[in-house]
Amino acid sequence: MSFAGLLAFERAPAESGRAVVRARVTAEHLNMHGSAHGGFLYSLADEAFAIASNSREADAVALSVHIDYFRPAFPGDLLVATAAEEHLGRSVATYRVEVRRHGALDAENATGQRGSGTAGNADGAPAPAEDGPEDDGPGDDGPGETVALFTGTVYRRPRRGAAG
Amino acid sequence: MSFAGLLAFERAPAESGRAVVRARVTAEHLNMHGSAHGGFLYSLADEAFAIASNSREADAVALSVHIDYFRPAFPGDLLVATAAEEHLGRSVATYRVEVRRHGALDAENATGQRGSGTAGNADGAPAPAEDGPEDDGPGDDGPGETVALFTGTVYRRPRRGAAG
Amino acid sequence: MSFAGLLAFERAPAESGRAVVRARVTAEHLNMHGSAHGGFLYSLADEAFAIASNSREADAVALSVHIDYFRPAFPGDLLVATAAEEHLGRSVATYRVEVRRHGALDAENATGQRGSGTAGNADGAPAPAEDGPEDDGPGDDGPGETVALFTGTVYRRPRRGAAG
Amino acid sequence: MSFAGLLAFERAPAESGRAVVRARVTAEHLNMHGSAHGGFLYSLADEAFAIASNSREADAVALSVHIDYFRPAFPGDLLVATAAEEHLGRSVATYRVEVRRHGALDAENATGQRGSGTAGNADGAPAPAEDGPEDDGPGDDGPGETVALFTGTVYRRPRRGAAG
């Protein structure tokens, strides 16, 4: 089993320069707070980055990555990482990956499972932005809240295999 | 004279969470290659970041910034840095700043001034992407080529003054 | 089981502002290349970062992280992440985490298990530095080769629990 | 005049993989707060990065840079940027640059010039760490306080000229 398998990542079919990877947060993905581990969120984004950057006619190896964490994610949340190309050069390329979450309720239309979600959010978030004008309001059916923003640069070389 | 004045930055009127700053590359902005210094490109983006992040009801101080360089810029190029909010939280906020260039010919419709521009580009670029599908083609009238991509996070606190 | 448990991380007793976390690379930690997944390497560093930043009198939540990947790691390698404080402020703090590897042979003094290690390294590395003057030479008994360098910034607030 | 000249940077003789660049903060280097502009601090570090990365047998072009800001700097402060190699590979290399400041009084043993320095520091710092155990205490004769920490990665190619 690969690392992506260990973390139960589900990947959508690859497109040129783009990728989507999903995962459901479970008890095995948590930090000491009870929210999703920073390494789990990063790994999800990194998997989308690897697929997108290797969808081209060259092998891609990660060089430098930056990630900003905006909000915590909790057990039951569905996370979706979407990678897109910012720049494609001959020897290097840069990708942006957004990790968005869909709460247990939103994603499943389940009842009750995440009654403590709001309190958890207020607890765990370094800077909750509930009232920020850019934020998705409650009840939003849109693409979910951004949990983390990832920017990664790869080195590209003639194809031999694939990277991650 | 401020640092923005020393570098001849021109700022557009501020909007909430957004900012645009422009500069023309001159001989005083170059590195040993004859292309715009990485610090000059960063400073332009940083000025847009400072204006955008201080356009809110709090003072913003830069904590962490990441920049990726995609292409070189040359004397005569008009550079435009555009800052937009990625996340606005109570204590922190994150901004994305794109630096785009408009070549001397494109920007001015001038004649001849940058005859060596194309060669210069091929020379100086770590990874020229002339043939990349995401790239603006030659003769494109659009928003210019992306020279650098900047992501910055600020710490926010009750207003006293402004940052940069 | 926490995420650190899922990835079989072993942590040394915490010190003030410092932390050490170890892991052995196994088949479950690999990318498509057969080397350790970028998310696995990051997660190891992130765990050390979380422990170090929460060793102080405040709770720490990750804001921004940067990572550079220097070399690949392979099954059997022992990885050691060491976190140290770069800056401790009232509201923010910054940590440096080095991830070093000790090859299966070096670490275990085992025989044969990693006969293809050298070839694997030459294959997988974007920029092997065998002849670089800063590099540990072959047969070095020292602290191992640096696989990745991580710099992370946290937001600090009055203690309630711990982060990751 | 180059960009380094415009900003009055003074460089020490280059060494292999290392560089030191100094500058005195003046009125022309300030942001709206009255402290050194983030772009000025970055540019100083970037100049040391360019010199160090081009001191080898290849040309180096900046790809990705991360900077964390720890403390503000003020007019009269002497800033020293010191670049050192973290990793030297065939196609890429990574450098760490520390920017340290020596207050007007410390550096010059002058009288009075920076009477408002302490207040300015308390004002401008996002996270003053006066009482942090890692901080240089007042009256320290050591290497100064760290103002910013910069990590940059270059792409390397056969020598033609030099970068910045």
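Residue numbering begins at 1 within each chain, and the chains themselves are lettered A, B, C and D in the order written.
The criterion applied here is as follows: a contact is a pair of C-beta atoms (placed from the backbone, for glycine too) under 8 Å apart; a residue touches a chain by one contact, two chains touch by 3 or more.
The model shown is predicted, which means the values in this text are computed figures rather than measured ones.
Chemist: Taking each chain's centre as the mean of its C-alpha atoms, which one ends up farthest from the centre of chain C?
Modeler: B
Chemist: Looking at A-C and B-C, which one has the bigger number of contacting C-beta pairs?
Modeler: Counting C-beta pairs in contact for A-C and B-C gives the edge to A-C.
Chemist: Roughly how far is chain A from chain B, centre to centre by C-alpha average, rounded to an integer in Å?
Modeler: About 27 Å, centre to centre.
Chemist: For chain A and chain C, what's the span in angstrom between their mean Cα positions?
Modeler: Centres of chain A and chain C (C-alpha means) sit 21 Å apart.
Chemist: Roughly how far is chain B from chain C, centre to centre by C-alpha average, rounded to an integer in Å?
Modeler: So the centre of chain B lies 34 Å away from the centre of chain C.
Chemist: Multi-chain contacts in chain B: which residues touch at least two other chains?
Modeler: 63-64, 66, 68, 91-92, 125-127, 153, 155
Chemist: Of all residues in chain B, which touch chain C in the complex?
Modeler: Spelled out, the residues of chain B in touch with chain C are 63-64, 66, 91-92, 153, 155.
Chemist: Can you list the chain A residues touching chain B in their complex?
Modeler: By the definition above, chain A touches chain B via 16-17, 64, 66, 68, 70, 85-94, 125-129, 132-135, 146, 149, 151, 153, 156.
Chemist: Along chain C, where are the residues that touch chain A in the complex?
Modeler: Within the complex, chain C touches chain A at residues 1-7, 27-33, 36-40, 42-44, 46-47, 49-50, 54, 61-69, 123-124, 126-127, 155, 157, 160-164.
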